[in-house]
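In the part that follows, the structures are each spelled out as structure tokens.
Next come two complexes built around subunit A: one with subunit B, the other with subunit C.
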Partner chain A sequence: MNKLSVRHLIGIRGLCENDIELIFQAAKEFKEVINRPIKKVPSLRDLTIANLFFENSTRTRLSFELAQKRLSADVVSFSAGSSSVKKGETLVDTVNNILAMKVDLVVMRHPHPGAPQFLANKVDTIIVNAGDGTHEHPTQALLDAFSLQEKLGTLVNKNIAIIGDIRHSRVAISNILCLKLLGANVRVCGPKTLIPKHIQSMGVTVSHNLDETLAWCDVANMLRIQQERQESQGVSYFPSLREYASSFGLNKARLDKLDNEIVIMHPGPINRGVEITSDVADSQHAIILDQVENGVAVRMAVLYLLASMQ
Partner chain B sequence: MVSQILMDEAQFERVIDRLTHQLLEHHDFSNTDLVGLQPRGYWFAQIIQQRLQAILGKPIFCGGLDVTFHRDDFRRRENPISPSLTEMPFLIEGRHVIMIDDVLFTGRTIRAGLDALLAHGRPSSVQLLVLVDRRFQRELPIEPQFIGKSIDSIDYQYVKVICDETSESCRVMLFNEKPA
Partner chain C sequence: METIIKGVTIADVGSAHHGKQRDVLIKNGIIAGLEEHIETPANAQIWDEPGSRLSTGWVDLQADFADPGNEQKEGLENGCRAAQAGGFTHVVLNVGQHPVPDNKGAIAYLQSRSAEFASHIWPLASLSQGQKGEQLSEMYDLAAGGAVGFTDDGPVNRTELLRRALEYTTGMSTPVITCPLNLGLNAHPMMHEGEQSTLMGVVGNPSISETMRIKRDLDILRYTGGKLHFSCISAAESVSLIRLAKAEGLPVTCATSAHHMFFIDEDLADFDGTLKVMPPFRSETDRKALCEGVLDGTIDAIISDHRPEDLEHHDVEFALAPFGLTSIESVYPVALSALGTTEKAQAALIRALTSGPRSVLGMAVPSIEVNQPADLTWYHPEKAWKSPHVSHGVNRASYSGRQQGFQGTGTPLGTLR
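Take a look at the complex of A and B:
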């Protein structure tokens, strides 16, 4: 099979192992392409893609735009701050208006969980989810798993810890689904207030002790503390950033205590000194910038495979 | 399914020998590289590379180029094509390039190959070597300089190059329908 089993990429849920393998195989080729002197192929030259970002983003949006441009697609980008959404237009109306201008594929980030699925049911176009609220962020999970596979060879029976703000993290959910599908053991770690209830039903173990988790894992994926979500809800999940950093922040002293070397990941943007210190983030164990490079290749693969099925 | 052998293993050996010597007549390989189109063109290019190196006693560059992302039938095919690896560990800027493929049919793969090649620099010249040339079926103005065997076939027929990786030999078959 060299076709994806889905028409849209809404989440990792819904993908099968073969889909992920197919995406990784294409991503490997695209990584070679983006390291050439001429980093562009003409595959999507007759396609127009709209990037609809109803929520702020720098990395994901740049990464998607670069992926689209390196596939020679025409790109229009839109952010909610400066649009008619402020005037009260509904999501379906906004998207239908954009599609009326003959757009073939929509990449969307939205603050509401489920928005891409809702859109996929209502409008006739290919939808790629670039993050929907606290639900899923599938391309981030794919690029994380791709980077790990590149580093470790296989993920089968590897111990992977996701550490930090699991409650507000779409990256955590997509990562858990993707890593479990590829055969890894996953543990989430963080303060009790930032771990959702019943997360064990996703097949993960839970820990509230960072040192114990670091001793167990081969890979530590440090998630960002999402202060903006906490502030907007007017709720505090831990007493202070300083206290969080001392209990759940990754620093050199903690790494030095370990017997084995572990791989450090972070989806960005980093709060230096909170979830991870600068010396660790910039160390050779960190694959944070590989994640960013692979992000473009993986997104090229996703767009290429989805577009090829039309 | 009716099939016909166009070239057996012994003929393949002779054809490869002839093509190698034809290349040597035109190139001294001081500024010439081989580039095979993945998958079988690359395999075939590596055999020619070995023969040339045995005769000349010096290393010759041989790259493998994947043309999947440069094809003009993207989104027009029932099943998308899976890409193969591109291995171009050298620069082709200012070099003479011999592009190598197994079967030349409509010329569209070679067109995509030229496009893909230019992403790696501007070669001084490009020549085309094919194992089998299905003449009279071209859809683009592309002609090979070095030909293993020219055949006359009808467009619904299918030419398949069957390679044996271990013995490095090859057979060319003609089928009246696409083989499974």
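Take a look at the complex of A and C:
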């Protein structure tokens, strides 16, 4: 099979192992391309892509735009702050207006879980989910898994810990689904308040002890503390950043205690000194910048494969 | 005006004709004849459908027609027409009107407007002034004016308000109605909290939000007296709690919706905003317990909880979709699919549509006997159901392909009142 089994990339849920292999094969080739002196191929030169960001983003949006430009697509982008959404226009109307200008593919970030699925049912275009609320962020999970495969070879039976704010993380859900599909053992770790009560139903183990988790894992994926979401009805999920950092922050002292070397990841943007200290983030254990570079290649692969389904 | 229903099986446990096939003659709103065979009078309207049944008229204990206030969503007249298509001779109108029905003028308006409509309206009144959850509304006045119960269409959060409402209405036949939910466990829940909500990244409402409130409300009821009705329960443990409370002799009743007996949280996997309801559809265990509760009579009534929406409000992302379904036309086939077609299940279903809701309201149950007023629903449990599409609401569930198999049978054929 050299075609994806899906028309849209809404989430990792819905993908099969073969889809992921296909994306990774293509990503490998595109990674080679973007490291050439001439970083561009004409693969999508007939395609117009709209990046609709109904929620703020810097790196994901830049990464998608670069991927599109490297593939020679025509690109238009907008963010909710500068759109008619502020004037009360519905999502379907906004997107249909853009599609009337002959756009072939939509990359969308949205604050509401399920918004890309809703749109895929309503409008006739290819949708790529660039993050929908606390639901999924499939390209992040793909680039994370791709980066890990580069580093470790197979992920089968590798112990991977996702640490931090699982409750508010679309990255966590997509990563769990993707890593499980590739045969890894996944553990989530953080204070109980930041871990959804029913997360074990996704086939992961749960720990509230960072040192124990670090001793168990081959990889530690440190998630960002989403400071804007750390309160519900006036009650916070943890008492202070200081206590969070001391209980769940990754620092050099913790790493030095381990018998084995582990791989450190972070989807960015980093709160230095909170979930991870600078000496760890910038150390040789960290593959954070590889993740960023691979993000462009993986997104090129996703766009190329979805467009070739047309 | 005469109507004759030919060869219909009587489904009324209070009648000597229960379970028997009869011809039924109705003259000027009175059951004039009830025999094995009645000669069809000239000019009589003839209702004849082999295999059909006749029960006391069905009562929907909770429906909202958004009138006055949002008439474009349904309207009283059309809502009553949709209720009739669903087999209901009476609808207990929820308090979703704007302005809210917290005064006897509002109740009088609802009654006078709906006097001639296809289905008869029994209005509820606001429990608190302005439905603000602070001061009691004028309950004696409202009851005298025709209100059949008091609710703010949601939980009563202030403990003392519930205490005073139960105390104040003690001795009245009208119940105090609450939707037992403690929404203080987390902000803005959209569905049941469980495996499915985790996978969807959606804020969930756990079952304990319902059961902890039921426990509180039952404790207050035990202390104060009065009559308490839970408008829509959704969790297995709620059924157990109410079963125990009834065994203890507490004056408590409860209902669930036909759709809570049918759908579960997994049915929301595709972010279908149509299935966003509060209380939410919960697990398969909860769904089965609700069906059990109807079968053993713990749950007194099956409601539609009809909340029609117009396209503009409904056709939006899951997170923005309003809670509620257009459901008044499909109560019977949906509940029948959930409960099954055994005679025990069918008897329980008819009880939950006839005597059950009337007992919640402290009303007498009309019997199918000669010389009794005709308050009748004619229906067919085996006839294939097709949505009559009378309601203006667009938020209709799709039943095919859902977790629970939809039998697709069970059709209300007509009502007489």
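Basically, the second predicted complex is superposed on the first by the 305 of 310 C-alpha atoms of A that agree within 3 Å, B and C clash if a C-alpha of one lies under 4 Å from a C-alpha of the other, contacts with A are read in each partner's own complex, and residues count from 1 in each chain.
We take it that a contact is a pair of C-beta atoms (placed from the backbone, for glycine too) under 8 Å apart; a residue touches a chain by one contact, two chains touch by 3 or more.
Quantities reported herein were computed from a predicted structural model and do not represent experimental measurements.
A.B. asks: Between subunit B and subunit C, positioned on subunit A by superposition, is the outcome a clash or a fit?
C.D. replies: Here the two partners, once superposed via subunit A, fit next to each other without clashing.
A.B. asks: Once the structures are superposed on A, label A:Glu29 by its partner contacts, choosing first (subunit B), second (subunit C), both or neither.
C.D. replies: Touch partner of A:Glu29: subunit B, not subunit C.
A.B. asks: Identify the partner contact of A:Ser308: answer first if only subunit B is touched, second if only subunit C is, both if each is, neither if none is.
C.D. replies: Once the two structures are laid over each other on A, A:Ser308 reaches subunit B alone.
A.B. asks: I want to verify one number. Taking the Cα centroids, what angle sits at subunit A between subunit B and subunit C, in steps of 10 degrees?
C.D. replies: 130
A.B. asks: With both complexes overlaid on chain A, does A:Pro113 touch subunit B (first), subunit C (second), both or neither?
C.D. replies: Second partner only, subunit C.
A.B. asks: For A:Ile173, decide between first (touching subunit B), second (touching subunit C), both and neither.
C.D. replies: Second partner only.
A.B. asks: Of the two partner chains, subunit B (first) and subunit C (second), which one does A:Ser201 touch, if any: first, second, both, or neither?
C.D. replies: second
A.B. asks: Figure out whether A:Lys158 sits in contact with subunit B (first) or subunit C (second), or with both, or with neither.
C.D. replies: neither
A.B. asks: Using the superposition on chain A described above, determine whether A:Asn2 touches subunit B (first), subunit C (second), both, or neither.
C.D. replies: The first partner, subunit B, only.
A.B. asks: Check the residue A:Pro37 against both partner chains and state whether it touches subunit B (first), subunit C (second), both, or neither.
C.D. replies: In the superposition, A:Pro37 contacts subunit B only.
A.B. asks: For A:Val92 in the superposed arrangement: first (subunit B), second (subunit C), both or neither?
C.D. replies: Second partner only.
A.B. asks: Check the superposed model and tell me the shortest C-alpha distance between subunit B and subunit C, rounded to whole Å.
C.D. replies: Superposed model gives a least subunit B-subunit C C-alpha distance of 29 Å.
A.B. asks: Quick one: in the complex, what on subunit A touches subunit B?
C.D. replies: 2-3, 22, 25-26, 28-30, 32-33, 36-38, 40-44, 46, 71, 304-305, 307-310
A.B. asks: Under the definition above, what is the set of subunit B residues touching subunit A in their complex?
C.D. replies: My answer: residues 66, 68-70, 74-75, 79-86, 115-116, 118-121.
A.B. asks: Subunit A touches which residues of subunit C in the complex?
C.D. replies: Contact set of subunit C toward subunit A: 184, 186-187, 193-195, 197-202, 206, 270-271, 273, 315-320.
A.B. asks: Please output the residues of subunit A touching subunit C within their complex, sorted ascending.
C.D. replies: 13, 90-92, 110-115, 117-118, 132-136, 170, 173, 196-199, 201-202, 232-233
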